[in-house]
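What follows is a set of notes on a single structure, which appears directly below.
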Amino acid sequence: MALSKTDVGRVAIIGASGYGGLQLVKLISEHPQFGISYLAGERSAGKSWNFSNPFIEINADIKIDTINVDQIAKVSDYAILSLPNGLASQLTPLLIEKEIRVIDLSADYRFRSLEKWKEVYSAEALNSQRKDYDLCQEAVYGFSEEFKNEISKSRLIACPGCYPTSCLSVLIPFLKQGLIESEGIIVDAKSGTSGGGRNPKVELSLSECSESIKPYGVVGHRHTAEIESIASQFAGHEVNIQFTPHLVPMVRGILSTVYARLRDPGLTAEDCKIVLEAFYKNQSFIKILPVGIYPATKWVKNTNKIMISVEVDQRNGRIVLMSVIDNLLKGQAGQAIQNLNIMHGLDQDIGLPKNTFYP
Amino acid sequence: MALSKTDVGRVAIIGASGYGGLQLVKLISEHPQFGISYLAGERSAGKSWNFSNPFIEINADIKIDTINVDQIAKVSDYAILSLPNGLASQLTPLLIEKEIRVIDLSADYRFRSLEKWKEVYSAEALNSQRKDYDLCQEAVYGFSEEFKNEISKSRLIACPGCYPTSCLSVLIPFLKQGLIESEGIIVDAKSGTSGGGRNPKVELSLSECSESIKPYGVVGHRHTAEIESIASQFAGHEVNIQFTPHLVPMVRGILSTVYARLRDPGLTAEDCKIVLEAFYKNQSFIKILPVGIYPATKWVKNTNKIMISVEVDQRNGRIVLMSVIDNLLKGQAGQAIQNLNIMHGLDQDIGLPKNTFYP
Amino acid sequence: MALSKTDVGRVAIIGASGYGGLQLVKLISEHPQFGISYLAGERSAGKSWNFSNPFIEINADIKIDTINVDQIAKVSDYAILSLPNGLASQLTPLLIEKEIRVIDLSADYRFRSLEKWKEVYSAEALNSQRKDYDLCQEAVYGFSEEFKNEISKSRLIACPGCYPTSCLSVLIPFLKQGLIESEGIIVDAKSGTSGGGRNPKVELSLSECSESIKPYGVVGHRHTAEIESIASQFAGHEVNIQFTPHLVPMVRGILSTVYARLRDPGLTAEDCKIVLEAFYKNQSFIKILPVGIYPATKWVKNTNKIMISVEVDQRNGRIVLMSVIDNLLKGQAGQAIQNLNIMHGLDQDIGLPKNTFYP
Amino acid sequence: MALSKTDVGRVAIIGASGYGGLQLVKLISEHPQFGISYLAGERSAGKSWNFSNPFIEINADIKIDTINVDQIAKVSDYAILSLPNGLASQLTPLLIEKEIRVIDLSADYRFRSLEKWKEVYSAEALNSQRKDYDLCQEAVYGFSEEFKNEISKSRLIACPGCYPTSCLSVLIPFLKQGLIESEGIIVDAKSGTSGGGRNPKVELSLSECSESIKPYGVVGHRHTAEIESIASQFAGHEVNIQFTPHLVPMVRGILSTVYARLRDPGLTAEDCKIVLEAFYKNQSFIKILPVGIYPATKWVKNTNKIMISVEVDQRNGRIVLMSVIDNLLKGQAGQAIQNLNIMHGLDQDIGLPKNTFYP
């Protein structure tokens, strides 16, 4: 198995048959500067990619392999891990040791403190016996727009969760500049079913989900800790977030509706829009909508964009921030490629869609 | 056109071809104690009901008529109006004068103060030249569980909006007993598309709505005033609510996720569940779920139920209340029949479904 | 556990947690003439019904049990089996022996010939070692409208499959009267996902099914043999059917579009409509639509109805028959109750909905 | 308004705000060899494209104009018309006269005989007073794979309807080679709602369409004549098709299930697959699936592909052909760009997606 193009970055995709893996295979196989060097997937190991996935046909078909670190290292410059929490950190140290730069889509390296991870992901911690404190310290949180410089030089990127990407995109500009109170922030988030992964579950079946919306993980969803950790970092002090996720009868997309109180209640929606525009100036994947235009998740479907809108209720000084992403792209695999572009010294936009096929 | 049963309440349905009207025709035609005495619908006037609506076939077919007050009065004891805002109040005084008891599904009588109505529904106010101050004062807000006594004696019921029914059901018990702060209440509500009515609109087409969720009416949706007005009445002082509705890709159902701060941060979710249970004791349409079980709108689809769940975040003393209803039944026509039962001296449950056909 | 009403038929529901079981529990718990005497379900055994299923709350809560024939026999007059193919026939002989009348929702008794069943359900046959030739001979095919008399006297009813119910309803009138050629009949059928059951499967997840339609079981789906067997019985000679099922992104409903050639090409759509009306005269669950009005599955959702429409292409003498049912009601549990009504000597309509809550 | 790239084909898009127009704007704005020279849309005339369509943002924003033939001719090499039937033929002769090459998405030039068009589109014919017999004769039917040579030289392309593209793709190989009987062909087709266009219609609302499938235009849908006309051309004699379209609760996609009788009943599914593979050798947008793998519309969503599967029922010599397309791409705007590529002397694949973002 040799790459068909010369001078391209060679990328191993580990965990290719889940939804994150499917996006990665499509994006990298069509990317002008990267090629797939290795495909690993437990379930479909031994089979040809194109036979197993006729809807994402790659030019030079590849056999799906089991995970073999030596083999991966021999043919790859980068590895993107789309593995369950607790498993990614079994593989990462071995790959890093072989000088493969790793982009991890799991939660394993999203906390600087391994202890914090063990607290939040306690079940996985029991099974995994992790001791990679240093790698946790070293890993860069892969929210591309916020940590571009660090990402470019890093050998280990912890890609953010889909919910954190969505709500942090609107919280960071206001927290960093001290424009909102850090008390009483509420994130009411809504996600499509693909966020629940590809393994069969009764509660993700069309029969159960269709024609219904429901909250889940109310008070204590694991992404709360991740959101608070990054939010606190930008605020410069502890921030406590009320985060409630909901399951929406659609495949892709996350909408976060974020409520906070302005420190200066005189600010208007237009003022806040200018704050956002200034903060995200020249960020090609972030679009601030005109005041009064609210984003639908459909507007960013199959793209790597974040669309943001802001309102202010002048009766009570509350700001309402709305942010939509495609949970599998900007919320997962798309941001991974964005980071890969940055690590490889390329324009971060390359190979990433900005416009949807509407409707 | 004569009623086929004797001793039943004779009910005129005015505005039969919209979604509210369809529910009313089904429910009343199958009700053991009421019969349809008159069907009025502008669009389908002159046609037979069963021909126009093969999916809701009534035993004794009825011709759909235009609105004729004399004729309605001659054959009816009650009239349920499913008309646009501003139109219902043109007809209501004429019916009341003829001693017809009126249940109005529009917003026309939801405010005690006609001035307030004119402020909130300013466009409709311009066209309608209303002067029925007395009727506004007299009308009873038809949230059956909260105003049962008044409803039983009233000749004019203003049925609540779908969003207000959903979120007031969880706010009233806590506001009335002073258990939550009246500052900083947030209602993040999610509705199916049938809430937008049956008239064709691009933004309600399946092509546009499917696979997407979006906020609308952010800051300033008309239901805000209605929610605040009733919430304030129960709180005993002005309550300011942050209300954000969202459009969900499903036909029926509303979920309200309500955030507030407990006055006593020591209360647990179990404590709050007991508060709800005590408040709604013997209310057959209201079900308080066990702590940790969160309701899906599908659980109440095609029923007149409200399902409620409560969580408390003990890190910050915040309560999260979740409430689901079927927007066209408990949120509209079902509650109208519940009120009709009460007005007619019947058990409020008669003719109203409690269990869904799952899934 | 005692029945709360006197003189009602006592019904055991075996297999209560699947979608068929859920319908049965709702329908029987609300039925004026029947009561649930026993609930068995492997997965949820030991739990209270109402705790496990808050969306279908029964008045006198029941504990879900394991299958215990003696216990079932002691408290029941009837047993409805909602079990996997091959398992129902393990239990049925034991229940029959104890003089329980059995309504079986599986395919186990749908063929008079056990050999034929073993051929069609070969995998199940391997595991089950069936020898109940006599019961296969004795069982009555539970298409209520076609076999009412036999059903009323039978102690074993084999309820039809959902697809067969849908397409046989339009084929039987024309085959029995020799009005269509028995060669070249095509049934193109479309079903919602609930037909695939409640066990988790990747291909039934919302992420995979939503926004997609696909054929499956093309040439050789097991229902082909069932359809052909009954069709041949009514035609009086072997009938060969081309049957293609499709999976539609919706929860409930089956639409069968059936193509055949008229023996007399001079017949019009109106003529064929009259044939259907005459055949199904006084059948309250079957509605023949006016020519030019085509049924949507939504029109019969949550009802026990069959809606039928017919067209004729006069250019080529071909008849196009369209039939919609709710796959879980008329296609499964609703028809079971209809049969139960007949067996108990009641009006077949009791406790079965005819009108949907539109939309 | 000047094109931002040199040496690119300049394309006017007339009718930009419908679903066809939206696809065209996205595809051409991202195409390396074409640029948008003019955007016309009645409804949004005068507005900026990017303001009106934040979900498809083009680099150099363009003002949407009214239709001005002189202006279009001055800046364009090609015009793609996405206009209602009967309107396209008002504009086409004027553009052709000015030496603009026209790709028409309407049905106006799909019949060689204007008389036939007037018969099939009788309502439009009444309003339009067409006399462009010569243009009807000259226009090339734009099914790219079948008429590539003629397309490359033509100045007027009549892009096929979405249904015809889907079912002709599987019929042509067998009809042209005389492998199936031309009698008794049945096309049972299923389409998403976007095929009904963007104008608001009650029957296309999510509330009405969701959770439902229904037939429409049974016997006599206008696409029947188009399918028969092209099928007959390839068969070399009159072919009569039974065509039944159905509305499926999804946005995009068409599945055609096609039934015919093999002349040689000894042919197997594998044989028929080889026929298809040979016929479509080197056609990069057409994929013949392995026998036993059936296509879902989701597999081709947002791509220009046709995926085809074939089965044979050896009991009766009947062939079942299945074909899926994205109705707005290969069924409309994608094929238009494919034709534009061919007309401009480019590789037909350029700028057209082949892989979907699954799921």
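Order of writing sets the labels: A, B, C and D. Residues in every chain begin at 1.
Note that contacts are C-beta pairs under 8 Å (C-beta built on N, C-alpha and C of every residue); 3 or more make two chains touch, one makes a residue touch a chain.
Since the structure is predicted, the reported quantities are computational estimates derived from the model, not experimental observations.
Asks: For the interface formed by A-B, which of the candidate pairs B-C, C-D or B-D is equivalent, sharing more than half of the contact pairs by residue number?
Replies: Going through B-C, C-D or B-D one by one, only C-D repeats the A-B interface.
Asks: Nearest whole angstrom, what separates the Cα centre of subunit A from the Cα centre of subunit D?
Replies: The mean C-alpha positions of subunit A and subunit D differ by 36 Å.
Asks: With chain centres defined as C-alpha means, what is the inter-centre distance between subunit A and subunit C in Å?
Replies: Once rounded, the distance between the two centres reads 46 Å.
Asks: Centre to centre, by mean C-alpha position, how many angstrom separate subunit C and subunit D?
Replies: About 40 Å, centre to centre.
Asks: By the touch rule stated above, which residues of subunit D touch at least two different other chains?
Replies: 19, 192, 194, 207, 210-211, 249-252, 295, 298-299, 359
Asks: Classify the chain contact graph as line, ring, star, complete or other.
Replies: Its topology is that of a complete graph.
Asks: For subunit D, which residues are in contact with subunit B within the complex?
Replies: Of all residues in subunit D, those touching subunit B are 19, 192-194, 196, 198-202, 204-207, 209-211, 249-251.
Asks: Given the complex with subunit A, which residues does subunit B contribute to the contact?
Replies: Those residues of subunit B that touch subunit A are 184, 186, 188, 190, 192, 207-208, 210-216, 218-220, 240, 242, 244, 246, 248-253, 255, 257, 259, 261, 294-299, 301, 309, 311-313, 315-316, 318, 320, 322, 324, 359.
Asks: Considering the complex alone, what residue numbers of subunit A touch subunit D?
Replies: Residues 19, 22-23, 26, 29-30, 51, 53-57, 194, 210-211, 251-252, 287, 289-290, 293, 295, 298-300, 302, 307, 328-329, 354-359 of subunit A touch subunit D in their complex.
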